[in-house]
C-alpha cells in the first residue's frame, strides 16, 4: 500500500488515450479505486518497490490526446467482449469512464493538420497546462501510448534545439514525427515524459537537450511485456551456465490495433530494431536471430510469441529450448503504465532529471541504461526506489522491511 | 584459463563411475586435456567464476566406484552412438579411458553385499586412501553420480554419529542407503563429498555431524540441469512483475539408465520431492503443480521437459507460458561435475567446512541455502568465488577484471 | 439446414443435465433456435452429413436427470464468466433456460438412494415416459453426460439379463453403476441410448441383450474432442508414410467438474483405458505411451493437452512431433451431442438397432467398430448417413450434391 | 517385399546428385541393398502399396548431374557427422559410393555455361542416353533434387514447343531455368521426369506438350515431408468437424544447403507459393496465413516447423492448436525419392503418360490433381497402385491381401 503522505495529486496524460492499452489503464485504475480488482501486475504495490511515497490510486487523474473519438465506454465494452475487462467490472466503472472521457482532447493528426508544427505544439501544450490547472495537480506525467510509428531518418535539426524550433515554425515542414512533437510539447509544458512505444519520441538529441534545460526526467522506451521480457530473463541463464547460444528465432502473432500497425513492415521496423538490439546486447551479435511480427486479426488483443533457441553444450551437444507465450497484451502493459506514472512522478518530485535508466526494468530498449538482464534490472530498480524514498522522506534507514527488500528484490514466495 | 599456481593435483572420485554422466565427465575431461573440444558449459572457465586458483584440467585425476563392470571405452562408444560424444573425440581419448578404467573399483552392492556395513565402509575407505596415495594427490573430492535411490525413512541412528556407527557394525542391519554409506566412507577418508543426485547421501544429521568433526566441506544435492533450472530462472520473473502464478504443470520424458530408474515411482519420489520443494520456495505453496517423470526408453539420453504455467494478470486476465526443453542430460550435467570438483577442491584447500550453500547455483535442492532464484544464486556464487580467491591468494584487490566481474555476474555478451 | 420433413419432434434427455457439457448443449440449442449463433461444430449442418432428414433445431425438446439442483440459468452464467457462453447470448436465452429447467428431474443418487435399484429404475423410466408423453414426442434419445465413473469389475449378473433383473430387485445389492442403471432405464422405456462418457453404461452384455430385445440402437462411448481426436488424425499419417512411432506421450491439464473427477486416479482409470486402447489399435502395442490427466482447477473449462511423439525414419533418424491443443472442452463436446441426438433419432426412425458403429467418428472408444482412423470414420459416417437418407426417404439417388458428398466427405474448402 | 519379376533394371538419374537429399538417397539405397538398415519411410515396401511389381533395390542403378564436384563419400561423411547416416552404415557403403560417383556428370551451370541452351541440352541428353546404354537399363527415371530456383515469369515461348526450341537454339537467350532445361533433356531422351523441388521444371505448357508427344509420364512437385504434410493431415479434421479455422501461421527454421537457398526471399518465393496454394485449397482463402522460412545455419539438416492454428467452435469459443515438427529433412525426403523412382518406373512400364495425379500423396503442389487431403491421397494412391498391378500382371484379382489393402490404405497397426 502506498503512502497517503505521498507526492500528491498527479496527472497522467495519455497520448493515444482511446487505444487498447490506454483504455485498459483507465478501466483498471477506476476498478482499483473502486476496490473491484486486486492490483495484480502493479509492481509498485509490492515489496521491494512499494517503499517510496508514491501517488495513491485516487491521487492519479487521467486525461489525454487521441485522434479518434470513439467514446471510452464503447472502447471498454469492446475490450470486455475481447476478454480484457470482466463484465462485472464494466458495470462499476461506467460513470468513471465518462468523467475521464471529458478530459480527452483531440491530438495532433499527422495528415490532417494544417499550419506549422509549432502551432500544433502550442495547442498540445495548452491542453496539458489547462488540465493541470483545472485539476489542481502538482505535476502531470505524459505517457505515449499512441500507435507505433515507422523509424525516421535523422536530420540536422534533430540534433539541436534552436535549429529544431526554427524548423517547427516553418509551416511548409514536418520536421518531427507525432511522438516527438508530443514529447516536445510535454517538456515545454514542464511535464516528465515516458515513452511506452518504440517510436522516435524523446530520443532526438534536440529533445534531450530540452529536457536537460527544463530539468525534467524522462523514461523509455517500448514497454517490455512478452517475448522480450522472457528473452531478458532467459538469455542470462545461458551466459551464466557457459552454454553457447547459436540461434534464437522468434515469431509474434498479434491482432488488434497494434497488430494492424505492426503488420506493416515499415511500421514494424522500429519494434524489430528495438527487439534485436536487446538480444545482441545480451548474447553478442553472432547469434542467428530471425524475428517476425505477423498481423493475425482474429487473435484480437491476444499475443502469442513462439521462440526457438538452439544452443551448444559440452562436447558439442546440440540442444533446444522453445517457449510459447500467450498473453493479453494490454493487460500486461496497463499496470506497468500505472507503475511508470507513479515512479516518474516521484522522480520528478525528488528533483531527478534526464533519462531514468533505473526504469530499464520496464522497457525493451532502455534509455539511459545498457542493462538488459532482467534480474539485474530488478535489483537496480529496487535500489533506485529505495534512494527515492530517502530523497523524498529524508529517512535513510527505511522501514524495517525495506532494507531486506532492497537486498532481495524478488524475495520469497508470491504474496 | 585457470591458474597453474592453483590448489594442486586433485582427485575426482565418482560413485557410479560407469554411468552416463560419469562417462561423459571422464570423456570430456580427457577431450579438454587433449584440446579436442572447447570447455562449453564449464562455468569455472569464464568470468566471473574463473578468478580463483582452481586445479587445471591436467591436475584432475579420476577414479571411482561402480557395481557394473562394462569397460569405460564401451560405455563411451554407446554414448557416441547416442550422439553425446563425437566420433572424432572418441578416437582421441581411447587410451585415456583405459587408464581411468584401471582406477575404478567395485562399489558397495546393496543386495549382494554380505557382512556388516562397517566392513563395507572400510573397503570403500581403503579404495579412496590408496587412490590418493597412488597418485600423490593433495585431496580427493568424492562426487555421487550413482543411480537415484528411493527416499528412506529416518530412524534414530540417523540422528547421532555414535549410534550410527554402532548400527553399522551390526552385520544383521542395513542402516544406511548406499549413497549415505558412500558419504560416510568419503568423510572418514578425509574427502569432501558432493551429491549430484537426489539420494539421501550426506543429508542425515549423523553424517553432517561427522563432516563437522572432520572439518570437511560438502555440497549438494541433485544437479540442476533442465526443467528446474528453467523454473528457477522463470519463476522470479513472475514474482518481480507481480503476476500471480496459478498452476505450473510439468512432464519429463527421459530414457537411459536414469529414465529406467526414475520410471519406477518409488525411486522417482526423491526427485519429485526435490523439484516440488523448489517450486514452493519460489512461488509459495498455493500453486497447483502436477509433475511427472516418464521413462521413454527410445529417447535414450535425450530429456524433454514440457512445462505449462498458467497465470493471472491485471483485471484477472488469464495467460499462459509453455516451454519445451530438449537436452542431452549427461552433456548438461558433466561440465557441472567438473566445476563442482574444482570449486569444492578449492574450498577444501581454503579450509572451508560444512555445507557450501554458495554452490546452490548447481543444485535443485541446495544444502546450506534457501535461495532458489537462479540470478541470485549466480551472484552469490560469484561473490563466494571471489572470497575464495582472496583466501587462497591473499590478494584482496583481485585482478582488474574481477571486481567488475563479481558485481556483474552475467555481464555482457557471450564470449 | 435440415429438412422440415424430418423424423419429427425428438426428445433429448440428458443424464447430468446441469453439468458443463449439458448446459452448453442446452444454451447452444436455444441460441441456435433464436438465430443468435451459427452452428459451428455441428457436423449435421454441413455436407456430406446433412443429407438425411434429421430433426430440426426447434424439433428437439430437452429434459434430463441430475443429482444437483443449481438452476440452469445460474450454471449458464457461470459458463459465461468462464468464456463459454457470450454475454449477449445469455440475455437471449434466459427464458428458454427456465423452460428446460422445468423438465429436469432428480436422478439416481448412488450414495443417497435407499431401496432396490429396480425401484430406482422405475422412477427413471417414469420420468422418461411422462416427458415423452407430456411433449408428444415420437422418440426420446437418452445421452449420458454425467460425471465419469470408475471402471467396475464384471460380475456374472452383468452377463445375463434375467440374472441382472433378479439382482436389481434385491434391495441389499447395488449391481449396476449409475451409468448402467441409466442405460437400463432408457432401454426399458424404449429410448435409444448414447454414452458420451467413458463410464460402463450400456457396455454390459446383459444391457446389450436388452437393447437387442427391444430393437433399440445405441452408440458410444466417450466423446472424442481433443487429444484423442488429434491422435486418430495423426497416427494414420505415420503409418501411411511407413514411419516408425517409438513413443507417444501425453499430458492433459483440465479443471472444471470433469477435472475434479478425473484428477482422482480411480475415476481417471476408465478414461485412460479408453485412450490407450485407441492408440494401440492405431499403432500397435509396442509404442511407449505414458499418459496423464491432471486436475488444474484454475484452468476451469479450458483443457490443454500436450503430446510428444518420437519416431524413427530412414537410416534410423530420430525425429519428433509435439502438439499443444487448447480448447474449451464443453464447446467441443456440445455440438457433437446435438449431432448424436439427431443422428441416433434418425437411426431409430429408420429402424436401426444395436451398436451404431458408423458413429465411431464421435467417440474415443467406439462401440460396434474397430476403426479408429479419423479419415476412415469420416468416410464411413458419410456413407451411413447417405444410407439413412435412402431408408427414410426412399430416394436412392439423393440430391445432386449428395453423391459427390459421400464420395468426398471432407471435400473442398470450408464453408 | 517387391517382386523379383518386376519392371526390370531401372536407372535413377538425380539432378543435384551431390546434394543432401541425393546423397541420402544413394547412401540409403546402398545400405538397403547391403541389408544394413530397414526400409523405414519407404512406402512401396508395405501394404497396400507393395502389390505392384516394382524394381527391387538391386535393380535400381543411380547416376546424376551436379555442378559441384565434392566426392560422394565426403558428402556422406558430412551427413554422418550431422547425424543423418550412422557411422556403422558409412563403413559398409564406402565402395558403393565410389561406384555411383563414377556415374555422376557435370550438369548445366546457369552462369558458367556458354553457347545456346540447345547445345547444353544435347550434352545432358548424351549423358542420359549413354548411362542407359552403359548399364543396359530398360528405363531411366530422372528426378530433380537440385537447389530450389526462384519462380520465372512466363513468356510466349514457354507456351509452345516449336517456339521454345527456336529460342533454345539462340545462343543469346536463356529461355529456360535449369530445372526446365533438365526436364526438357529428360523428355527428349525418353525418360520419365519427377520434380521433387518447387522449381519451374516441367510445369511449362511447352514441356507438357513434349511429354504428351513422347508419351512419357511425369510427376511433381515439391516433396511433402514436414509442415505441409501435417497441414494436409490436420486441415481436413477441422473441416470434417465443422470447426472454423481463422488463422494458420507457420514458421520454418532450417539450415543446410536448402536453408541457405530458401533464406533468400527471391528463392523462397516458389516454396512459399506452393505451400500457400495447398492451405487455401484445403481451407478456403479467408484464412489468415502468415508463413516464414528462415535460414538458421547452425541447425544443419534439422528442420523445425512451428504452426499455430486459431479456430472458432460452438458459441464462438476461440481455441488453438500448435505443433512443432523437428525432423531431418533429407531423411524424410530420401525414401520418398526411392518410392517415386519405383512407382514412376512401373507407370512407364505400364504405358502411362502425362501427369501422375495419383502421386499427389508425395507432393506439396501436386501436378494432375487438386486433392490435397492426405487421407484421400493415400486412398487414391493405393487404388492406382492396384490398377498398375493389374496392368503389369494381367491379374485382376490380386493377392488375397490386396483387395482389403486398397480399401483400407492405412489399415491396422504399424508393421
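When the chains are written out, they are named A, B, C and D in that same order, and each has its own residue count from 1.
Basically, contacts are C-beta pairs under 8 Å (C-beta built on N, C-alpha and C of every residue); 3 or more make two chains touch, one makes a residue touch a chain.
Chain identities (UniProt): A, B, C, D = Myo-inositol-1-phosphate synthase.
Just so it is clear, the structure is predicted and the values come from calculations on it, not from any experiment.
In terms of C-beta pairs in contact, B-C outnumbers the other of B-D and B-C. Distance between chain centres (mean CA atoms), subunit B to subunit C: 51 Å. Subunit C and subunit D have Cα centroids lying 42 Å from one another.
Remark: subunit B and subunit D have CA centroids separated by 49 Å (rounded to whole angstrom). Among all residues of subunit D, those that touch two or more other chains are 83, 86, 312, 320, 322, 324, 326.
Taken together, the touching pairs cover every possible pairing of the chains.
Looking at the complex, you find that subunit C touches subunit D at residues 24, 27-28, 31, 37, 39-43, 45-46, 83-86, 89, 229-230, 233-234, 236-245, 280-285, 312-317, 319-328, 331-332, 334-335, 361, 373-376, 378, 408-410, 413-414. Residues 81, 83, 86-87, 324 of subunit B are the ones touching subunit D in the complex.
If you check the complex, the residues on subunit C that touch subunit B are 246-247, 249, 251, 253, 288, 290, 292, 294-299, 304, 306, 308, 310, 312, 318, 320, 322, 324, 326.
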